[in-house]
Structure formats: C-alpha cells, structure tokens
Amino acid sequence: MSRETLFNAALLLGLIAVPAWAVMMDEPFTITLATRAVILALAAAGLNIALGIGGLVSLGHAVFFGIGGYAMGILAHHAQSYTPLMEWPFLIEGTKFMPVIWLLAVVVSAVAAFLIGLMSLRTTGAYFIMITLAFGQMFYYFAISWSTYGGEDGMSIYIRNDFPGLNTLVPIQFYGLCLAILVVVLIFTARLRRSPFGLALNAARQVPARVEAVGMDPMRLKLVAFVISGVITGLAGALFADLNRFVSPTMFSWQFSGEIMILVILGGVGRLFGPVAGAVTFVALEHFLGGITEFWHIFLGLILLAVVLFARGGITGLVAGKEATHD
Amino acid sequence: MTETILATHGITKSFGALKASNDISIDLRPGEIHAIIGPNGAGKSTLIGQICGSLAPDAGRVELMGQDVTGLSTDQRARAGLGRTFQISALAMEDTVLENAILGAMGASGRSWRFWSAALGDRSLRTRAEAALERVGLAESMTKRCADLSHGQRRQLEVAVALTLAPKAFVMDEPMAGLGAEGSKNLTGFLDSLRQEAPILLVEHDMDAVFALADRISVLVYGEVIATGSVDQIRSDPRVREAYLGESA
Amino acid sequence: MKKLMLATAAAALAAGGAMADVKVGMITTLSGGGASLGIDTRDGFMLAMEDANRDDVEVVIEDDQRKPDIAVQLADKMIQSEKVDVLTGIVWSNLAMAVVPAATAQGLFYLSTNAAPAQLAGKGCNSNYFSVSYQNDNLHEGAGAYATQAGFKNTFILAPNYPAGIDSLTGFKRFYEGELAGEVYTKLGQTDYAAEIAQIRASGADSVFFFLPGGMGISFLKQYADSGVDLPVVGPAFSFDQGILQAVGEAAVGVKNSSTWSKDLDNEANAAFVAAFQQKYDRLPSIYAAQGYDTANLLLSAIDKADVNDDAAFAAALKEADFASVRGEFSFAANNHPIQNVYVREVIKEGDVFTNKIVGTALEDHANAYVDACKM
Amino acid sequence: MSTILIIEQVLNGLQSGVMLFLMAAGLTLIFGVMGLINLAHGSLYMVGAFAAAAVAGVTGSFVLALVAALAAAALAGAVIEVAVIRRLYDSDHLDQVLATFALILIFSEGTRWVFGSFPLFLDIPDALSGPVTLPGGIQYPLYRLALIGVGLLVAFGLWLLIERTRIGIQIRAGENDREMIAALGVDISKLYTLVFALGAALAGLAGALVGAIQSVQVGMGEPVLILAFVVIVIGGIGSIKGAFIGALLVGLTDTLVGIFLPEVLKLFMDAAPATSAGSSIASMSIYILMSLVLIWRPSGLFGARA
C-alpha cells in the first residue's frame, strides 16, 4: 500500500470517526462542520476532474454550484409556498423530494456546462480562465437581479428537504447522506481515471496533438469532462443549499469559484482524495483561525502562498510524497 | 486510383507573403517508402500539417484511399487510416509506455467513451498495444513511465503508437531525429520491413537512412517540389545538386 | 425536542425562585467589506451589556464575513453547540433571511439590530422575532414624507437593482405625492454614477432621492457634488452615517436624510449613550451602534420580567418595550416592529467632524405597511 | 433623449474607459512580458488609493497624494515581485491564480488591519472641482475631463516608452523570447521587477485618481480587476493597443447600455419591468460582449497567439 493510499484511508476514517465522536459527545455543530467539509469536497471533486485530469483551469465553477443551489431553492420554494413552478404548457409543481431536486440540479448543470464548455473550449490558457470567470459573473449578476427568486437576498427554505427513509433534520443522518454521495463520486472518479476515457483525457491534457493523431478529438474529451465536472459540482450545490436551507447569488460569485479552486490545489491537484484533504483543511482553518482573529484571511493567504511556493502537490503531496497516481 | 494510398493535389498554403507550399502534388503507393527531403525552411512541416489535418490548405486537396479528406479534422483522418509520428516525441510523459500504446489502440477502435471499466483491463486493447510494443522492442519496458525512457526508446514508442492504429498509410516526421548511428540502423531495418504493411511517407534529414529506404524521393525547396524520382535519379538531378550544394546546373 | 425538555427543566427551576441564565448569540459582520457596520453594532450592544454588568447574561460573538452561508453555519453552531436562547446582530437583510426563519422555527428568539426585510414583517412574521431597529421601508417612507413636506414636485429616484433597492423606491413612493422625473436601478456595487448624474441633469427634476448603501453612496455623493447639478438631495440615513460621512466630506454637507435616531436627539438615555460610547471607543456612535445599544437594553428589560425559556411570557415581556430607548418614545406594533418617529437630519460640519443634526420630523409614531399582513 | 445627454454619456464612457486602461495596461504588460496572471493587480489599485488618501489627509496636497500613490504601489509591486511573483514565472497559470488570490486576501485584510474598516476620505483638488461648460452648452465635471486627459497622456507615454526607448525594446524582446534577451546580457530579473513595478504604479495611479471621486475602501480593487481582465481578454492578452481599444469598448458599453437599454425596452413594455430588465441585462452586458468577442476571435481582438 502506498503512502497516498494510507493517507486517503486515514482521511476517510476521519470522516467517519469524527462525526461518530460528535454524536457520542453531543456536539452537533461538529457534524455541521463536517457536513460542510464533505459538501465542499464534493464540489471540489467535480472541479478536480476538469482541472486535475483535463487540465481545464475553470475559474467559473461557481456557476454549477449556484445552479445546483437554485435548483433546490426554486423547487423547495414553490413546494413550501404551494405555488406551481409553471402552469403552461404543462403543470410543474415544486417539490421537497431530494432525488428530484438532484435530478434537476444535475440536468441543468449538465446543459449549462455543455454550453459554457462549447464556447469556452475554443480558447486556451489565460483566455479559458477569463472566459469561465466571465460566465460566472454573468450568472452572478443575473441571479442578483432575478427578483422572482429573491434577487440578492436569496431564498430561505424553512425545513430541510426529504430523502426517503431518512430524517434529514437530524445532522448525522444528513451528514451520512452527503458522505455517501461523496464516496460514490470518489469511487466513480477512481474508476474514471483508469478508464479509457480517463486515459484519453489525461493524455489530452498533456499532449493534445498525440490524442488527435490517434483518432480522438481532444476538444470533445474535454467537453465531456467539463460536463461531468459541472454536474458533480452542481450536485454539491444542491446539497450545500440544503445544508444551509438557503440559497443566494453568492453561490455564483467569482470568489467562490476561487475557493473551490483553492480546495483542489490545497489538497493536491489531480489527486483522488485531494479535494477531500483540501476541504477538510479549509473548513478547519476557517473555523479555528476565524476563532482566533478577525484578520484570519491574512493567515489563510499566507498558508496558500506557502502551499503554492513550497508544497507543490498540496497536502496530499506533502504527506504522501510525489505523484503516486499509478500502481 | 487504387494505385495511390495517399495523395496531395496541388496544395498551396501561404503565410502572409511567404508561400510555404506551392502547388504540391505528391502521392504514396502501396508498399513503398516515399521520402520527402529538402533544406531547412523548405516547407516540410507545413506539408505534413496539411496532410495530417492540423493546417488547412489555401487551395488543393488531400486524398486518402481515393477519398477527399481535405475537409476532415486530424482525428477524423487518423480514424480514416493515417498513422503519424512526430518530429519531437508527442507522448504522455506522465503515463506508462503501455498506456501510451493503449491510447493508440483506443483511438483506432473508438473505445474512448468508456467511463467505468479499466483501460488496462480491456483484453483487446491490451493485446493490440502489447503487440505493437513487442514489434518495436519495448516489450520489456511496458510498465516504465514515458518520462523515464531514453530518447531512443521514445522514438520507438512514437512508432509503436502509430502501429497500434493499423493505419493504411504512415506519415513519419523525422523518426531518426536524435538517434545515434546504432539506433538509426535499427529503426531503418524496422521501417524497411514495415513498408509491406502500409506505405510510408517519410520526412527525414538522415540521408543514409533515406537513401537506404526510399523507393522514391521528392525534393522540396521553397515550398515547391523540384524533383521526384528514384534514389539514383535524385542523386544525379542537377536541380537537386544546385539546391543542396549551390552548384550551378 | 431538546428545547422543550430544557424549557420544562428551567420552568421547574424558575418555580424554585432561581432565574435561568440567558445566553445570547451575536452574529454580525466583523471582517471584510461592511465590517464597520457590524463593529458598531457589536460595540453598541456590548456597551449596554457592560453598563448593566450582570452575570446572568452571556454573549457569544461571531463574525459572519457578510456571507449568508457562514451566517447560517454560525447560527447552527450557536443553536447546536452554544445552546443560545437569543440570537441578534445581523446587519444585512439577505443574511437575516437566511438565518431568522430557521432560528425562530427552532424556538429561538431573534432580536434584529438592523436588517428588517418586508418578508419578516408581513406574512413571515413570528412571535419570537422582534425588530428593534425599524422596518426596512421606514427610512425610505420618511424620506418620501419629507420630500412631500418640502414641496418637491418632480423627484428623480435611484437605487441598486436588488430587492432592498426595489423596496426602497417603493417605500419612498408610498409617502411621496409628487411626480417622478425618473426612476433608475443601478448595478449593485456600482462605483461610477456619472451616467446617472447626466440623466438627472437632463431629466428636469427638482430634487433627487437615492438609496445607495455603503461605498456606493460615498461614490455617488462625491460625484454628484462635483457635477454641478445643484438639486436638493434626500436619502435614508445609511449613506450619512457617522463612519461614512468622514469619507464623503464636504460633498455631503447640507444633504437631508431620514433617520430614526441622531446623536443630538434630546433625551436622557441618548445623551448618556453618546457620552459613554465616545468615552469608551473614542469615536462618535452611528445608528448601528444606537440600535445595538437599544437591543441590548430591551433584552435586559425582558430578562428581568420573564424567563427566556417560557416563550409566551418572554415574548410578552419583550413586546412591552419597557426600556429607555435612545430614540425616545418607542413601542412595538402588532407585528413586533417599532412604532417610532422618523426624523429629518441635515449633514453639518462640527469642527473637523462631519455629522448630522435634526431639523424636523418626517413621520410621527410611524409603524409600517405590513402590520395587517402579519397573522400572529 | 437629447444630443447633449448622448455626448455627455459618451464622455462618461470614455472616462471610465481610460481609467480602466490604466489598470489593464499593467495587467497586459505583465502578462505579455512575464506570462503571469496577476489577480492581485486590484490590490495594488487599492494600495494606491489608500496611500493617496493617507497622504492627502496629512498634507492636504493632491499632487503629493498622487506621488505617494505611485510610489506606494510601485514599491508594493516591487516587493511582491521579489518575494513571491518571481517564483511563479515558470509555474502554470493555476499556481499563479492561486498565489495571487492569496495575495488579495493578505492585502485586503492587511489594509483593514492598518486603516480600519471605515472608508477613507480623498477629495478632488479645488483647482479641478466643479463643472465646466463645453462647446454646445454641455456641463461636464472638470475633474473627469482631467481624468480623460491623464489617461490619454499615460497611454501616449506608454506607447513612447515601448516603441521608442531602450527599455521598451527590451520589453518587446522579452515578450517574444525570454532566453534570447537573457543571452544578450539584459538583466532579466531586474527587467521583470521594473515591468511589474511599472504595472503596479499604473494601477496605483488609477486607484488614487478614481479614489477621489469614489469610495476609498477595502475591496475596492476587485470589481475593477475583473473589468480590467475583461478588457485585456477582449483586446488580446499582452497587447497594449488591445488593452486601449478594449478599455474604451468596455467603458462605453458599460455606460451606454446601462443608460439606453431601459429606454429602448420601454418602447416595447411597461416602464417598471423595462427598467428592471434593462438594468439586469446591462449588468451582464460587458460579459456578453466579451463572450461574443472570444467566440469570434478566441485570442481577442489583437491577441498574438492563436
């Protein structure tokens, strides 16, 4: 077993042990924090597919996070106010049923990722970073002025949505649900990396010319990766909205896109558990540094700088040594 | 028409005032090695770019197996049967030798849209990739990372990846580049045996290899083909001597 | 469920004569943009708490960074871990909307030191939710009433294109009887108003009403003053607050603004407050500080009357508003929002410091437009 | 809608355009020469504004304030170049984005630590205050005219610097081939520090100039930063000319669409929804413009690399 595998196992164990301890000690807030970390890890795991495997530096992933959030917000808002979402040409009612919300989040994120990807992938390098950022801003300003759904104020959902067989209001149950989704996505990612598609995408990042020369279209590979990536981040957005029982345009903001990227880089770009390590660290820093000083952003900034300058490969790289993505 | 596997008909490409390809018509017949030579800046890379699809000609067309492929993209041409190697190794350096070869097998068999099963676990892909690696003599190094290969091994892998495509025609851009005498000799021997499988359009600076391998040679100077013929014809062609040696005719 | 059990236990204790300790959670903006408002809120609140010097009230303060998700997370923490009884402190309406409904649904009390969106005053009102500041529309309504009193006939109005901005213009129009020379929504966070000022100049307006909180207002006032347009300007107090005025400088002098509080309001509580605040923090208090101070005093008055674990009794005690408000006469309307005067202030220069002085009353004993919509 | 109003709005668009250019020129120069994406450029804008406000507060002199802004921003630029940025030239864009994002956090909170949370005061000098009447009876603030003048002057100065001086030659050479000019004996690291400080000084100047008519506060740099990015992407990253054209385009679009779109929509729908919808679309207009340009020309109007 490589050090990275051990590290990953330890992380996963921690994600089970810490909340379990919190339940025993009756520290529900620790569970809330852990839930936040798990959901952020999920959002970052989405970006990690585009960024880590496909090399797509998207500074607009908050778009999908926000779409997921608004999918939840809009459906639940209509459900709690008993007003139909639309009446024509056919009646659509709101819902508080998580699987339906997730479905909507996933479908809309996929469509958005497809369209944004189609346009953005024409560009490369710095242009790609900037055009994804611009799409993020477009959605942000749109959400701010979308008065039907609260504009800048966003929307509050009074009671967390339902999942069959669970009482999602109990923190540990909702946590379990989120963790399960994260684990499923990580398993999917692990398979994806070894799959023909993953191999091709990984090569498309390194040598697009080679991929073309063997009869594959790197652009299409990247577009599909971008869509998969957007879908996962979108799903995370729906869960995040449910955690907070609230959505607002800040979910679309470029700072948030930056934060998702930070999670990925902090944990280790392209590492399977990088997003998890990044999110856990980030939430912990936010919690503990924030408790110590009002100016904790300075220290967060310094830590990030240190990671970029001295700890290539992020935390995973630091703990597990250089690249160990292969057997 | 089945006599030619690959052909260009009057392709022309300008970059501003510079005519990098001027009305070039060449062809590649079954079982032959057709070498393209010419001094630096003669427009060889531009020509290859147009044949393989990374550059669009201003005029003229490219045919593969009698079909017009001028409008096709690089990957479509590859699927249609064009196998190329690059002048500077274009390999996924982070990946293993086997993975690079499997990449070729995947493209050829259209299996790149599988998201769940492991690429290395796919029997047919693996068989194909291993066979190609075996042929170029990299069977021992399959699990090595590309980045850890020697330069010569990378050149071999370039050829192996093209082999996995089982192409109708090879386009090789200076496969000997940077190889020592020994390496060149080995590769020359290998290419010699390859021509029966599929003809090779060979751009090469190593004249010993060219003269040893080529059935025909075309000489490219300032974007124009000034001569095409057998090795002996080319050796004695005064225009070629002028272009290379500056001797007046 | 747990809350219920606690309540029973506490009731048993109370019957024995001992009052349960009260734990207050303050969530406010202490870092990032807008921190000055939260800092004033906190300082005002804590001033009252320290003056009272009681050991049966504990205050936990956390920084929401002006991010709704952080605010929600902090609320969860305070409810779940700190087990607070009362929440307070949120400055921004969008953060309040994220926190308040969930908190009151879980049986906590929420006392607003500032944000009081329409949703929480009308249909979404709650017996555990009290706004000690105002209802968001109040100051805009006051400005509208003043514009009418001042005889403005053709006002140009502008606000950012977001819910509070739209509410603001609606509130203004509710009490303004003249014509509108123009109605413009600007981009939220916009910093350059040259285009809007040109529109004002071209519109033939006789006056201007604007609602542009924070840095937006500073930019607007500086640019307006420099534009040569010389029409009277009215705005709500937000853009003329003690912290902001110094950054606007001369450009603000003479501008009328509507406010429920001013440091020169003539009552005993206010005089004491202003003096104590200046002495302790070495700066003039702002309206946010005043509202924080009042909130703390209201809370203390209720704690003396009822057990915080007895929801109905504590709500009734709060509703009595039996404390000396720095705003003078103060009571709650049926929907738990204040009935108070809205004053007109004018910006003046006192020595080196820019500040406000009261020049009139726009609305007397004013409640809000949502009382009837609230079914409590 | 009178002609006067239209002309005035065009002037407003120009003014915001030339100020954007000051920001964008530095960004694009730094990208062109060093290949670096600098998200912290907005922080240097903020540093300039705060330095100007602080010095103006003490001395009361606007000229000294401008000098202080230039000096402080250039110094801050040089310091972060030497301490951090220099290690990022060989990194990929990802590392650059993260590191400079970290710098934003440090600068913003650091500034708040030093100056507090309240906005600072910076006013326009008396000599430039108030409006002037232009031909045609247009009343226009003198200070804004001065801003247009300064912006154009700086643009011209930059052009001179790059086309006509030794340093300009080195900068242009550096854009094309780093190794080459190092081989020619130019001290490349000094050149980079210089270029970075120059870009920073321009941002600081913009911050101080604009700070006089806006609010000098923490976080003021980020909205401008994003606009400046839009500008250089439209213009083509690395191109000063592109930055200039892009800045004017963005300035004009942002100003004119915001004013005229609601009016146009009012022809088709009720006033209230027209105002609201118009301003919603207007707030997205420059991003729409940018996407259109990139779809048409993936490397911007004057972008070098394909």
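We call the chains A, B, C and D, going by the order they appear; numbering starts again at 1 in every chain.
Just so we're on the same page, contacts are C-beta pairs under 8 Å (C-beta built on N, C-alpha and C of every residue); 3 or more make two chains touch, one makes a residue touch a chain.
The model shown is predicted, which means the values in this text are computed figures rather than measured ones.
With contact taken as defined at the outset, chain A and chain D are each touched by C. Across A-C and A-B, the chain pair carrying more C-beta contacts is A-B. Farthest from chain A in terms of Cα centroid separation is B. Measuring from the averaged C-alpha position of chain B to that of chain D gives a distance of 49 Å. Chain A and chain C have Cα centroids lying 36 Å from one another. Put simply, the C-alpha centre of chain B and that of chain C have 74 angstrom between them. In this assembly, the C-alpha centroid of chain A lies 43 Å from the C-alpha centroid of chain B.
Of all residues in chain C, those touching 2 or more other chains are 31-32, 35, 161, 166, 187-188, listed in ascending order.
Shared contact sites, meaning residues of chain A that touch two or more other chains, fall at 141, 144-145, 147, 295-297.
Contacts with at least two other chains are made by residues 108-109, 112, 276, 279-280, 283 of chain D. Inter-chain contacts occur between A-B, A-C, A-D, C-D. Every residue of chain A that touches chain D in the complex is listed here, in rising order: 51, 57, 59, 119, 122-127, 129-131, 133-135, 137-138, 141-142, 144-147, 254, 258, 261-262, 265, 269, 295-298, 300-305, 307-309. Touching chain A in their complex are the following residues of chain C: 30-32, 35, 63, 67-69, 72-73, 76-77, 80-81, 93-94, 97-98, 101-102, 105, 117, 161-164, 166, 187-188. Considering their complex, residues 31, 37, 84, 87-88, 91, 93-95, 97-99, 101-106, 108-110, 112-113, 226, 229-230, 233, 237, 276, 279-280, 283-284, 287-288, 290-291, 294-295, 298-300, 303 of chain D touch chain A. Taken in their complex, chain A has these residues touching chain B: 188, 191-192, 194-200, 202-203, 206-207, 209-217, 221, 224, 323, 325-326.
Contact residues on chain C toward chain D in their complex (touch as defined above): 31-33, 35-36, 39, 161, 166, 183-189, 191-192, 194-196, 198-199, 201-202, 214-216, 218-219, 222-223, 226-228, 243-244, 246-251.
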